[in-house]
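The data blocks that follow each hold one structure.
Each of the two complexes below includes chain A, the first together with chain B, the second together with chain C.
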Partner chain A sequence: MEKNYYVCTGCGLLCDDIEVESEKNIVNKVYTACRVGVAHMKEARRNEANFLVDNKPVDEATAIKEAASILKNAKNPLIFGLGTSINETQKAAIELAKKINATLDDTSSFCLGPLAEALIQDKLKTCTLDDVRNKADVIIYWGTDPSDSHPRQLSKYSYFPRGTEKQRGWEEERTAIAIDVRKSHTAKICGNYFFQIPPKGDAEFIDALIAGLSGKLPKTSYNYPPKKLLELANILKGAKFGVIFVGRGLIYSLENLEPLFKLMKILNEKANFHLIPMVGNCNTMGFNENLFAETGYVNSVKFENGTVKHGPEYSIVESLKAKSVDAALIIGSDPLLILPRSIAKNMLEIPVISMDHCETLTSKHSKVYINTAISGVEAGGSAIRMDGVKVSFEPAIETNHPSEEVILKKIMEAL
Partner chain B sequence: MDFGSFLAAPEIKVKIITYRDIFQDKAMLENRFGEEYRDLSAVVKLDPADLKQLDVKKGETVILKNSFGRVVVKAEESGYETPHRGIAYMPKSPWSNMLISDETGGTGVPKFKDISVTVTSAKGEKVTELML
Partner chain C sequence: MTNAMELYQMLPKTNCKKCGKTSCMAFAVALMSHELTPEDCPPLKEESKYRESYEKMSELFKPTEGVTETGLIVHEDLCFGCGNCVVACPPNVANDPHGVGSGNAPTNANKLVLAVEDGIVKAQNLGECRRFGKNKILCYGCIVTCPVEAIEFV
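Coming up: the complex of A and B.
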């Protein structure tokens, strides 16, 4: 019997081997997905009402009219989120941002944005997760704990699977290395190849590793044992197909990406290394690519009468901090939950329109709330996986909830 | 009244590093306003020696405080083999976000994994509810 496989949009891995049992458009059972994926695919309800204005149920026309009115009256509206939206929605949001001279940003401005930008600009050597499964012999998890953040990453792609050129798998043919400030679940799997460094110690560790790779004595101010660093350098030198999975732990610790560029350069002189960012949301990479194609920037932009400005001052964090935005359209994100309260609190002073499939801290504070379909579960489309591969998907169940894309287009028309 | 109640509770300074937790992420997807999400989020993991200095047993509540906010969360032992006095760990959540500085140096990136707080016993005070 032929089976239908669905795509899990629960994280940046976009696992495409998910089986779902549903009845009357309710997902009852989910097979193959991880704990987070099962919760995501079953993530159903939520508010009964599709449209709220001032927390009172209204019809669609009223909600759209109110949303359009907020955006029309704003001098500098912010559009934020879109990390879980399909490519088509992201493109519609970019069009809307242009039309209303909005500031447009997503979570990558305070996550892995610089890395996504470098990869899109071909400044770092990368590969696909399928390449990792089939070929990788040395795998580094740096400042990331996929066992918690991307639970199937190790079993489906990076460490445990048999690949075409790695038939003997992790027992004999793969070495997994964790570099982190704490012994995460992933670090435990890496056993003796866990390299614990102090907070903010990454740049120095990279310098010392580069010294080790160059045959010099690796030194750090925190006295990391040179012998262990040399042991690591030797493993890396012997890699036929190496990959570094980079998480926020590393990015937050570095002032800029220079140390990483230097490390990748020397690793590719001595061996063969690739880098993949551990992107959290299912389509943050898509947002970065779509915005880059349109503007040459991956996030933090401000449209102004046909021109585009870019810089950290147009990120959600700096915009809210400086109170430079006077309304916000939040799509599939919960800034009041994910941002520091000291910054997010400024969002309470401006009118907010939120689109999400469940009640959130942000939706509770929204002037307008639109209960939209869940991308991948209830709405089809395409997204870009963390390694840049485009994945298309059909919805697992049908819904009466409108898609984000349809709502954005209706708001555009109402403007 | 017990004389001890007039004495200042021991106070220590720690740096908090935030991290992701699969069980907490799952609980958030199911209900971000629910008990399970709160129980798995409003937690700080400390070195056992720090807990001892605070005179706090694991499972009891502590106050985490700095100039940006104050939250009451449950204290747990980290379970890490390597001692890490002065460094504590929290799953990233609205509770840890209460303590993050608004100072970003204009970069757009808050210091999610570099939070300085003082810790004291909450003397039975309940865990802070998710604020709106």
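Coming up: the complex of A and C.
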């Protein structure tokens, strides 16, 4: 019997083997997905109003009109979010940003943006998750804890599954290494191959590792045991197909990506190594790619009468700090919750339109709130997985909530 | 939970051979490996003087709540459905190499020992588990791969 599999859009992994049992457009049971995915799929059980203005239910036309007038009256509106939106919505948002001369940004400006940019520009060697499953023998989790953030990463793609060239399983053919500041759940699985470093110690650890790979004595200011570092260097040198999963832990600790470039260069001289970013949201990678294709930048851009400006001053953090934006359209994100209070409070002073599938702190403080369909559960489309592979999906259930793409197009028409 | 000697103490110890085994001790060992059940001993079941022992033994072999016959417990509050155990479990890999063995959705669900349902791992088809039956071995496949110690054997 051919089974109907759905794609889970709960995290950047986009697992494509999820079975869903639903009745009357309510998801009852979800098979194979992790707890994050199940919660995401079952989120569709909601009975909030679709359109709110000043927290009062209104009809669609009123909400769209209100949203359009906010954007029309703004000199420099901010469009932010889109990490959980499908490619089609992201492209529509870019069009909208062009039309209203908006500042456009997403969470990657304070997450893995620099890394995504380097990968899109082919500055780092990468591979797909399927390659990892089929070939990888040395797997490094650096500054990331997929066991908690992407629960099925180890079981579906990296450490545990058997692949075409790795038939004998994880005990014999794969080595998992965790480098982190604390003993995470992933580090526990890595056992003896867990290398604990102090916070902000990554750059020095990379230098010491490079020394170890070149046959020199690895030294660090925090006196990391050289014997253990040399042991790590030897494992890496012997890798036939190595992969480094880089998380925010490493990116936050480095001032720029230079040490990582150096490490990847020497690793590829001695062995064969690839790098994959541990992207959190289901389509942040897609936003970076779509914006790059359109403008040549991955985030933090400002459109101005046909020209594009780019720089850290156009990121959400800096533009809110400098109070340079005078309205905000937030799509599928909750900046009031995720940004530091000193910056987020500036958002309370400007009119906000928020589009999300559930009530958030941002939506509660929004002038206009539109409850949209959940991409992947209630609306189909395509998204880019953390390794750059495009995944298309069909909705698992039907809904009366409007999709983000339709709303954006209606707002554009109303303008 | 108990050992063969304790079970032997509760048996009639008459070596009547009605169960098909050569002695009551052999019957106790068969009980331990789940090859036979207390009902397979006719005197124990029928004679009133053994009733107390029989009830006690039946109680012992009734799968207690939450514990499967192999003694496997899943702590549902800890499990978050990563599926490491599902993919690493040796019988799972042997019975469904292209499905769960390769990290994908199950294609042979009625032969799997572990499967994820609603984000929590469920134990099923215990006859396939390596800790079950006559030739059982102390397999640790699912325990060592769990990041949160949600699986336990008692």
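Following the convention adopted for this analysis, the second predicted complex is superposed on the first by the 412 of 415 C-alpha atoms of A that agree within 3 Å, B and C clash if a C-alpha of one lies under 4 Å from a C-alpha of the other, contacts with A are read in each partner's own complex, and residues count from 1 in each chain.
Just so it is clear, a residue touches a chain if its C-beta (ideal position, glycine included) is under 8 Å from a C-beta of that chain, and two chains touch if they have at least 3 such contacts.
Predicted, not measured: the structure shown is a model, and the values here were computed from it.
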- prompt: After superposition on the shared chain, which partner residues are touched by A:170: those of chain B (first), chain C (second), both, or neither?
  reply: second
Message: Just to be sure I read the superposition right, which of the two partners does A:182 touch: chain B = first, chain C = second, or both, or neither?
response: first
Task: Could you say whether A:157 touches chain B, chain C, both of them, or neither, answering first, second, both or neither?
output: second
Message: Applying the document's definition of touching, compare chain B and chain C: which contacts more of chain A?
response: B
- prompt: Touching A:147, do we find chain B (first), chain C (second), both, or neither?
  reply: both
- request: Report for A:39: first if it touches chain B alone, second if chain C alone, otherwise both or neither.
  value: both
Message: For A:331, using the defined touch cut-off, is the partner it touches chain B, chain C, both, or neither? Pick first, second, both or neither.
response: neither
- request: Have a look at where A:313 lands relative to chain B and chain C in the superposition and call it first, second, both or neither.
  value: first
Task: Once the structures are superposed on A, label A:53 by its partner contacts, choosing first (chain B), second (chain C), both or neither.
output: neither
- request: Kindly classify A:368 by the partners it touches after superposition: chain B alone (first), chain C alone (second), both, or neither?
  value: neither
- prompt: What is the shared patch of chain A, the residues that chain B and chain C both contact?
  reply: 34-36, 38-39, 147-148, 151
- line: Listed in rising order, chain C residues that touch chain A in their complex are 79-84, 86-88, 93, 97, 101-106, 115-120, 145, 147-148
- request: Spell out the part of chain B that touches chain A in their complex, as residue ranges.
  value: 15, 17, 19-23, 25-26, 29-30, 32-33, 68-69, 78, 80-82, 84, 87, 89, 93-94, 97-98, 100-102, 104, 106-114, 130-132
- prompt: Along chain A, where are the residues that touch chain C in the complex?
  reply: 3, 5, 17-19, 29-39, 133, 147-148, 151-152, 154-157, 160-163, 169-170, 185-186, 188-189
Field: chain A residues within the chain B interface of the complex
entry: 10, 34-36, 38-40, 43, 109-110, 145, 147-149, 151, 181-184, 196, 199-200, 248-249, 252-253, 300, 312-313, 315-318, 321, 334, 336-344, 358-361, 364-365
